[in-house]
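So, here's a batch of structures to check.
Below are two complexes that have chain A in common, paired first with chain B and then with chain C.
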Partner chain A sequence: MDHFARLGLPAALDLDAVALDRAYFALQRQWHPDRFVSRPPDERARASAEAASLNEAYRTLKDPLSRAFYLAGMAGVNLPGDGKTIDDPDLLMEAMEAREALHDAGSLEAIDKLAADARQDIQKALAGLSSLFLANDRTAIRKALLRLRYLDKFAEEARARRMNIDRSNA
Partner chain B sequence: MTLLEIHEPGETPLPHAGEGSLAVGIDLGTTNSVVAIARDGTSAALHDETGRALVPSVVAYPAAGGVLVGDEALALAASEPRNVVASIKRLMGRGAADLHAVAGVLPYEVEPGTGETDMVKLRIGGKARSPVEISAEILKALRARAEAALEKPVERAVITVPAYFDDAARTATRDAARVAGLEVLRLVNEPTAAALAYGLDKGSEGLYAVYDLGGGTFDFSLLRLEKGVFQVLATGGDTALGGDDFDRAIAERMLDERRRDGLADQLDETSVKAALALARHMKEQLSDRDQTSGRLDIAGTPSFHTLTLAEFDAMVETYVARTLDISRSVLADAGMVAADVEGVVLVGGSTRVPLVRTKVAGMIGKPPLTDIDPDEVVALGAALQAEALTGGGDTLLLDVTPLSLGLETMGGIVEKIVPRNTPIPAQLAQDFTTYQDGQSAMSIHVVQGEREMVADCRSLARFELLGIPPMTAGAARIRVSFAVDADGLLTVAAEERTTGVVQRVEVKPSYGLSHEDMADMLYDSMDNAEADMNLRLLTEARVEARRGLLALEAALVKDGTLLSVGERAAIDAARARLETAMEGESRDEINAAAEALEALSKPFAERRMDRGIREALSGMSMGDLESRVGE
Partner chain C sequence: MAYSEKLIDHYENPRNIGSFDKTAEDVGTGLVGAPACGDVMKLQIKVGADGLIEDAKFKTFGCGSAIASSSLVTEWVKGKTIDEAETIKNTDIARHLALPPVKIHCSVLAEDAIKAAIADYRAKVTRKAE
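Up next is the complex of A and B:
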């Protein structure tokens, strides 16, 4: 059973966060191990497995980025292993420039600006994804997802760097 | 006629329904413990005859025989110090390898454990006793108190543990309860229990934070409360930060003042203890006044000390700033900012310090919630959860794992399988493969922590997966699965899947992370994120280069004759250059040398491929070939 089906939701990129929570909570009410404390071991084991699957489904679908990757997998879009190679020359150029900018950024404000830009780019790219999924344009989906993965990583790097600077100033 | 039902032993359905036995909530604390009971959604701490709810977590084994717990045990500390144990919680689940962490902290003879648990033991009252045994005495006393107050048997409990308690400490806590004759319905994280107490009693909804500053530990958790659902979003902390640090700062100041005045400063254990006790008293005084003073007697020379609230604030400011730092990063983990927080619950005696309250209020922008006694709030929440679990209440508690769980991969890199703040129960798996041709075994090393390198994380368990059928490197599919149950306990299994040869190995880590290690590791990971990433990239480059070298070596053995003497010499020189680069610290040099080698060996690879195709085609008729193409 795929994650969407498990939560009784339509398999789509645009997912209502409230509906997701509602479905997840309702099913956890049914399956959480706390509901099976006084039940026989086999029922407890089943409940634990169900609750774990629900958690996995929820965690995957909650975050728009991981939801996009999951949906792409369902659509048969194959992505190369975890960000090791960038085979898109435009993206490669963008990544190199951004990394250089992060390297040169000396102040907290400059780093915050870069991170905020990256987050904004993520939002924009995500907004554009829906139509690509509707058109089932796998090449474009793949290209967009590779860029999203890079942007996400970059935002994380910026956060780590900010923390380091913050700490050495403290 | 009534049909008789037959059940497997120990599998009677609904064994608790309608029984007279009650379920309580227990806060088994480092300094104090509390037992509470909930009825119809309202909980109350159970008091002794003199009206006190707190039971000091102290156990004594008097020379005269028997066992004492709480105030009675504490009373024996002066006359029989070697027979009295305090702060046993710090040793729960600790192995011999952790002994250095507690050396000098606890005044007991500690010896490494024997047998499968590897847990340390204390020599107390002339006998080696495990932390599980000693904790069980506290639990027995709490159970007796509950039975006396409720006039009914008490056999089941929800027991709270710090969010940062690792697998071994959780197991040890469960074991202690079993020794005390209590069935543990659930282990609940302390901050989560505190949120339960507020959420259920006060009917609060929205995003809530729990700020828990105890004597030696700090925890910050973020929860979403909604219609009976308690969803933990993120948690973090530092287990070497707390009110004890405040006491130490005050005591050091007083000892400095004595030194300045040329007073006797022959410091021994007793005088340091006296200074700390006075410091603690002065700190508590400053919870509701602006100035305090005290008299310190060392070696028969008294000295008088005053301390203003402003001075005290200045002394503890850096500690408080650190708790705020951690709180902010937990907020960031959950993708939230302080303004999103509806309310912040204060837990732990150290939250009585005025500066803590002011700073927390400043960060969140709202006055903290303090209307439930911070010393009792955890036990009250545990009692509510005990009622929900036995009475079938509508409350739903969704908790997370506090630290990432992962595996060691090539080059000592950690591959995280279960990231921190993953909702539990969780079941996650990842496929790994072999590194060398014909590799028949794989060593599985389970670690806990946030850092990129194994050496910086905590080792939980190791085991070997044997009997992998001979295959070329990278062909085997070894699935390693991690299961974390609702109590936060981990099970790891591994199996080889390609050939249908399935081998499962289950591992229960026997002992693990020390409390302090866990906090240090988390804190380090923030400090070292960038350095870690660079080291990881360097290690990956080395691993990648090693993989290429191994493949080339194998090819040279098999098809070396395809090369001229000159070509072979050039490749060997490039191999040697790569080996040298791999010993260095430069990723760029390794990558450059690897690329050079790849370029040099490219013609060789092409010739090998040609030969392979010729071999495959030889002896095949045109018809065979066509039917193949048609497939």
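Up next is the complex of A and C:
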């Protein structure tokens, strides 16, 4: 069963966050180990397996980016895994220039500005992804997801850089 | 995880950080990335009139193993012909730096980067000859 089906939700990038939470908490109650303490071992084992799968489904679908990657896997989009390299010059040039700008940013304000820009780019890219999924355009989905990986990494690096500066100012 | 002395040395004192003008005729540029970890690596070679790589530079945004791998490759290729430089294997890099298994992909990135830089240089030479 895929994660969407497990939660009884349509397999789409645009997901109602409230509906997701509601479905998750209802099922979580249903399979909670406490309700199976006095049940036979096979039922207890089943409940604990269901609860674990449910948690994984929720974790995967809650975050839009991880939801997008999961949905891409379902759609048969071929993404480079660990140890695989790419040489898309436009994407890599963008990533390289962004990281250089972050490296050169000397103030908290400058870093926050770059991080805000990256967050905006992530939102825009995610918004554009919905229609690509509807059209099942695998090539474009792949391209957009690779860019999202780099934008997400950039946002993470910006947070780390910010913490370092904060610490050295303290 | 224990890292080798050579790895730590290249990470703490990276050789040949920087850039050449990528439009220069004697410069080959390789730009590669590993999207799974968000690494990006630029490796450049400058080829002399005698066909030997006279200088190399790199810029890498990634983990310590990726930085050390690219630093090592820039050292190795200097003084080599591009044909010789092309034979550098990721396994040589991984062995020299004693990369832990989970970091082998960083050496793959460095091998791909030098290959891409050589391909870029060759394409320039071919264009010039035409």
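Assume the second predicted complex is superposed on the first by the 166 of 170 C-alpha atoms of A that agree within 3 Å, B and C clash if a C-alpha of one lies under 4 Å from a C-alpha of the other, contacts with A are read in each partner's own complex, and residues count from 1 in each chain.
Keep this in mind: contacts are C-beta pairs under 8 Å (C-beta built on N, C-alpha and C of every residue); 3 or more make two chains touch, one makes a residue touch a chain.
Remember, it's a predicted structure, so these values are computed and weren't measured experimentally.
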Partners on chain A (chain B, chain C) - clash or fit: clash
First, second, both or neither for A:R99, with chain B first and chain C second: second
First (chain B), second (chain C), both or neither touched by A:P89: second
Chain B versus chain C as contact partner of A:Y150, first or second or both or neither: second
Partner chain in contact with A:A49 - chain B first, chain C second, else both or neither: first
Stretch of chain B, among 277-285, 583-591 or 619-627, that runs into chain C once the two complexes are superposed: 583-591
Residues of chain A contacting chain B in one complex and chain C in the other: 157
Chain A-facing residues of chain B, complex: 7-8, 10-11, 13-17, 185-186, 226, 229, 231, 321, 325, 329, 332, 388-390, 392, 394, 396-398, 422-428, 483, 485-486, 526-527, 529-530, 533
Chain B-touching residues of chain A, taken from the complex the two chains share: 21, 25, 28-29, 32-35, 37-41, 48-49, 51-53, 55-56, 58-59, 157, 159-161, 163-164, 167, 170
Touching residues on chain C, where the partner in the complex is chain A: 31-38, 40, 42, 59, 61, 104-105, 108-109, 112, 116
Complex interface listing, chain A residues touching chain C: 79-89, 91-93, 95-96, 99-100, 103, 146, 149-150, 152-154, 156-157
